[in-house]
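The structure's right below; bear with me while I get my questions together.
Naming follows writing order (A, B, C, D, E and F), and every chain is counted from residue 1.
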Amino acid sequence: MSITPQTEPLTKIKSKQMIEFLKLGKRLDGRSLTEYRDVKIEAGVIGKAEGSAQVSLGNTRVLVGIKVETGPPYSDTPNMGVLTVNAELLPLAHEIFEPGPPDENSIELARVVDRSLRESKALDLESLIIIPGKLAYVVFVDIYILNHDGNLFDASEYAAISGLMNAKLPVVEVEGEEGKPTGDFKELPVRDCPVSITIAKIDEALLVDPTLEEETMATAKITITTTKDGKICAIQKSGGGTFTFEEIMEAQKIARSKAAEVRSLIPGWRG
Amino acid sequence: MEESRQKLIGENGLRIDGRKPDELRPIRMEVGLLANADGSAYIEQGKSKIIVAVYGPREVHPKHLGLSDRAIVRCRYHMAPFSTQERKSPAPSRREIELSKIIREAFEPVIFSEYYPRSMIDIFIEVLQSDGGTRCAGITAASLALADAGIPLRDLVASCAVGKVEGCLIVDLNDEEDKEGEADMPVAYIPALDTVSLLQMDGQLTEEEFVEALKMAKEACMRIYQMQKQALKQKYVEAKEAVEEQE
Amino acid sequence: MSITPQTEPLTKIKSKQMIEFLKLGKRLDGRSLTEYRDVKIEAGVIGKAEGSAQVSLGNTRVLVGIKVETGPPYSDTPNMGVLTVNAELLPLAHEIFEPGPPDENSIELARVVDRSLRESKALDLESLIIIPGKLAYVVFVDIYILNHDGNLFDASEYAAISGLMNAKLPVVEVEGEEGKPTGDFKELPVRDCPVSITIAKIDEALLVDPTLEEETMATAKITITTTKDGKICAIQKSGGGTFTFEEIMEAQKIARSKAAEVRSLIPGWRG
Amino acid sequence: MEESRQKLIGENGLRIDGRKPDELRPIRMEVGLLANADGSAYIEQGKSKIIVAVYGPREVHPKHLGLSDRAIVRCRYHMAPFSTQERKSPAPSRREIELSKIIREAFEPVIFSEYYPRSMIDIFIEVLQSDGGTRCAGITAASLALADAGIPLRDLVASCAVGKVEGCLIVDLNDEEDKEGEADMPVAYIPALDTVSLLQMDGQLTEEEFVEALKMAKEACMRIYQMQKQALKQKYVEAKEAVEEQE
Amino acid sequence: MSITPQTEPLTKIKSKQMIEFLKLGKRLDGRSLTEYRDVKIEAGVIGKAEGSAQVSLGNTRVLVGIKVETGPPYSDTPNMGVLTVNAELLPLAHEIFEPGPPDENSIELARVVDRSLRESKALDLESLIIIPGKLAYVVFVDIYILNHDGNLFDASEYAAISGLMNAKLPVVEVEGEEGKPTGDFKELPVRDCPVSITIAKIDEALLVDPTLEEETMATAKITITTTKDGKICAIQKSGGGTFTFEEIMEAQKIARSKAAEVRSLIPGWRG
Amino acid sequence: MEESRQKLIGENGLRIDGRKPDELRPIRMEVGLLANADGSAYIEQGKSKIIVAVYGPREVHPKHLGLSDRAIVRCRYHMAPFSTQERKSPAPSRREIELSKIIREAFEPVIFSEYYPRSMIDIFIEVLQSDGGTRCAGITAASLALADAGIPLRDLVASCAVGKVEGCLIVDLNDEEDKEGEADMPVAYIPALDTVSLLQMDGQLTEEEFVEALKMAKEACMRIYQMQKQALKQKYVEAKEAVEEQE
């Protein structure tokens, strides 16, 4: 069951100041409305995982590890590998996160990233089947939030796709109905580079890459993921506010243009 | 896709169930059918069947979960084990948990929750039979149940999905169109505010398609909105007649 | 762990009135002590399920869906199909029901219905084996409480047996150790029509089909299920009160005679 | 049933363990064996072995769970993982959850819970070895543990099952008789009130059989009741002797 | 997450008295610092289990049941049987134990006993494989705490090893990849008799086999298990205090000498 | 052990990674890298990579969980799903639950928790890559995070394991040495008090080996302790320089 969350509001002074800034097209940290914080992406940080990447968006910090195992394919997609995305809002990332099983926020985060990867067909699942109906590669994308300062959707999505591009696939030999690792590795078949762009609405303003303070003030957010060809492959509106159709149009234009910028920063993407 | 697959759009431009691209499935709405709930509604949209109950505003237990300046809204979207092709475990799936959240968020903007501090308003959506579009139909019915409960609303929320199958944009996808199609975009719309309170998409759409799809979604929602108002009017006519009969 | 429940008592006026009525052999809703509320049973309401039925007992409303799948039989009954009964006390049915995993009340409800079906041998489980020890039909009976106004045991039992009578069995062809659906259907082998009758004790009175208000006042209830031949096949006393032996005798006589009445209302039962 | 199956009633009319139809298994009861519990008891009935502890009346935590006019009773019936043929998971099964409820309800009528508002009384029943009839033997022992704890009771509760095997009514079924038999009917009886506080049945019984079975159950419970009183007396004799020795 | 527990302190009078006694090398119950309470071990108390033993240490009372089943071996030890230790701090054992899933205390207890058994190689797991990689004996050691008066680690360890020595192994015949019980039994292959000794530190004193009152006063405990040859095979320091190196040395000497005493009480050990 | 297994101690007396028996792996420590936590630290010890955050002292929620005379310490040791050879479920394993407890107990003696009644101090240890010795490295880093948070401490806790492989005592085991070796003994040491606050062992050691192993553990911990102090000093130098640059 989903319940209206209790959130700590910003101080009145700060929220007033933020809104005054926004009316001038400015933000408290000096950015323009369509400017991302510093995007730092480092791939391969966890050498023992099959793939990994760490992303910083300002103070937001996300680590993604990719594990590749073998297992049965889903019964309704017997000719495809399996992609599983999981997110942990670690208690070390913010005082509002408590240890425990995934809550609606971490599930939503994982599912939004999952859809970006899946709907863009970034990962060629059809080439990840080993024995149709019996044995497939299972790709685990584990999102680990290390510090939360807003815009977890984007930071996680960038870390996930960067981790996949960094990942290696343990080659297996088929013996009967089992797969034995040969010890060799090849690249994961990554065919696209989906990039999500999150836009928050505060008062009347639309602004990209919101900080946690900005998210606290935002009535709603929209996350739009586009493929290398500029097609929209995933959208998620979140938060208890609304968007006008004009705002949605503006948001998708922003998303399309910012995605190209960010895509150039994804390590390993040879567009 | 395999060659042997049935075409989803026929040569006549009609869909597998004979609908035109912008045509809704047959929709039946019923208001106020559950005795205990403060408000309730039932919707059949094609073969999808959904029942919704609303309780509240009522006191929050335990009290410290309440908010001093507004009511909290609780929402559960849940599928019956027998609603799907393969039996679904009654434990909430990750999909149901996500949908409960975004459906709640679709209603927060229309509920005058500031009228009821320290209270809670519960929306329980049960999918009894699933044939695509259940989150949208659930929202449509939940609006009726909220109104039936007498919860003050800025407006009803009307909801419908738009999608793409075989290159063609269509509204109100059924299960097969959703599964086999190239895109699915559920939208919830608040006519009085002319704003969107739920928007999701998966699949692939070009910018042009997206613009057109949004337009189709708004039109579809407006048609559903008329039906919602009709269903509420019908309920009050019936209630009035029932009262008059008793007099 | 089972804990004495907190229950909201009836108002003093109402409870006094109820007891005065009962002393005269009457009930607040005008029924006699051995009179059921209107029993409405509608089968086949969920066309996509293999079977279904909706039952109303006055304002109590229960929906049962039957799903039939294939799976391994239990290891201790390798020659029998599998019957599984589950009940959900949905939060939409009453403000006292909270979302969550099944509590003792929903488990008791499911198990009482399960015993009625199982002990009457209503479902011929022996004909539901496909490959002994390997593959069996698995019949899921899911009880969905939509509105709670008392006597959930009976309403659920009537919906369950009506749903089973309404259900169709997907025919499967054996290939090796797996079963492939042929697309054909046949009837579920239902051999009996067990009917439960629930009798509440308030003050000194015994009354059938209690409403929720009556259940609140009752010290105990007894649910007695009989087969088409009038044999008793399941009993459940519930609630924190007691019955004398005389009351039990009276209850079983009532149960036997009311069951015949109700049985005539079960759609699909050809006695 | 398969042909090769052992007959449960021999040609001499005796049961597989040599008992007559209305004969109880050997029963051993012990009162007050656990040091920490406020009351405790142990019962061996045939091969079934059960230990019961009672705590209370004690304060309820958290307080809001207490009742202003009476003590709440908490009851757990639980089987040890090693008590059964195949190891049982220690997590409570659906069967254990149901039995915990109906056993609690079997004791509510005898406990003077109105003497202890805002308190709770805990009954913990642990089945250490299971050979049929554990809910009844558990109730029989729990009565002793409640008495040992000094909880004011209207009377002890005595419990025994009656069943049918190969057409013959029998009391106090062991595991094999329960599994292979045609009916099983556990009964809990309160002699002082001459009422039944637990009654369940599964299997099939005609009206005549049911009437006879109830009669047999009452008689069996009365015999167990005598043993319960004897066990309590024994405990107090021992306690008295222990005190006198110390003096 | 582990949280500083709330513990009911001893009364001031009692704790003062205990410390005065300890300064004189005495304990409230009259024991010397290195004296165990009466150790009573009864094996075979649960005839239907494959093995069992009940241990009393004064008022502490623990029952262990051993179940032996067959199942797949762990994938990383395909040539070994499986040993599983579980502990239940039953609510009947003390008012501080609430029903529920295992908490950190019962998990620690089970793991400490598990290490004693495993690291001493008491159970010859290599002889418990039936079909390498496919089928193994699975030995369940279930620790049931019936009354808690301190030193659960030792009482449980003695009951566990006594239960194993008492246990019989159902002989199975291999048919294909399955094992069928022949109905015969043989002894479990027990090769060593590990004995744990627990030493509590109160004030400056080290004392063995602490009662619950002594545990409440102790700043820390150390449990040292030794094999029949006097080798240390497991150590667990627990509690929020510390030991000096000298204290650890003294503790291990005590452990070594007391273990020999206790070992002579283990039924079935032919050392 | 199989014959084909690689020897863990070479003929030159060196270990598989070239270390001498009493040699630590390369260790890198970093203090204060997480923006939100009150204190944080990162450690790489060989291939093990661990990040730790400390929050507090902060108010306890709900309040009745607080202690009137001291702060409560909460500790979670957790392994990332991708930290191990086979993916680890993110749900806490029994091993993680045990380690969280004994790590908490290793810190209780150094925290001046009596300064902060009704408060709590949280230690969150996340193993990002596991190559043996993670509980010890986690403790070493958690000390730094506590100091970084400004929690008053009697001293830092330094931690290191000693083990035995092929008859030889070694310090700071990597994963392979831990798995293939004959004993593993993690130790946490508080230099200022000269006491041990964590001690576990599994495997087999003679008395002589145990005495020697403890001595080696103390020496290894002292070397780690020097690195901890260096890392903290470095942090304050950097902080000071940062301040001076701004001036």
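Methods note: a residue touches a chain if its C-beta (ideal position, glycine included) is under 8 Å from a C-beta of that chain, and two chains touch if they have at least 3 such contacts.
No experiment lies behind these values; they were computed from the predicted model shown.
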(request) Figure out the least number of contact steps between subunit D and subunit F, where 1 means they touch directly. (result) 2
(request) Check every other chain and keep only those touching both subunit B and subunit C; list them. (result) none
(message) Quick check for the class: compute each chain's Cα centroid; which one is farthest from the centroid of subunit F?
(response) C
(request) Calculate how many whole Å lie between the centre of subunit A and the centre of subunit D, each centre taken as the average of the chain's C-alpha atoms. (result) 58
(request) Report the inter-chain centroid distance for subunit A and subunit C in whole angstrom, where each centroid is the mean of the CA atoms. (result) 47
(message) Can you compute the centre-to-centre distance for subunit E and subunit F, using the mean CA position of each chain? Integer Å is fine.
(response) 27
(message) Could you pull out the residues of subunit F that touch at least 2 other chains?
(response) 76
(message) Where in subunit C do residues touch at least two different other chains?
(response) 1, 99
(message) From the touch relation defined up front, give the order of chains around the ring, starting at subunit C and going on to subunit D.
(response) C, D, E, F, A, B
(message) So in the complex, the part of subunit C that touches subunit B is made up of which residues?
(response) 46-49, 52, 59, 61, 63, 65-67, 69, 86, 88, 90-95, 99, 101, 140, 142, 144, 146-149
(request) Note which residues of subunit D are touching subunit C in the complex, please. (result) 65, 67, 70-76, 94-95, 97-98, 100-105, 108-109, 113, 185, 190, 193-207, 210-211, 214, 218
(request) Would you mind writing out the residues of subunit F in touch with subunit A in their complex? (result) 34-37, 40, 47, 49, 51-53, 55, 58, 76, 78, 80-87, 90-91, 122, 124, 126, 128-131
(request) Report the residues of subunit E in contact with subunit F in the complex, numbered from low to high. (result) 1-4, 6, 102, 104-105, 107-108, 110-111, 115, 118-120, 220, 222, 227, 230-245, 248-249, 252, 256
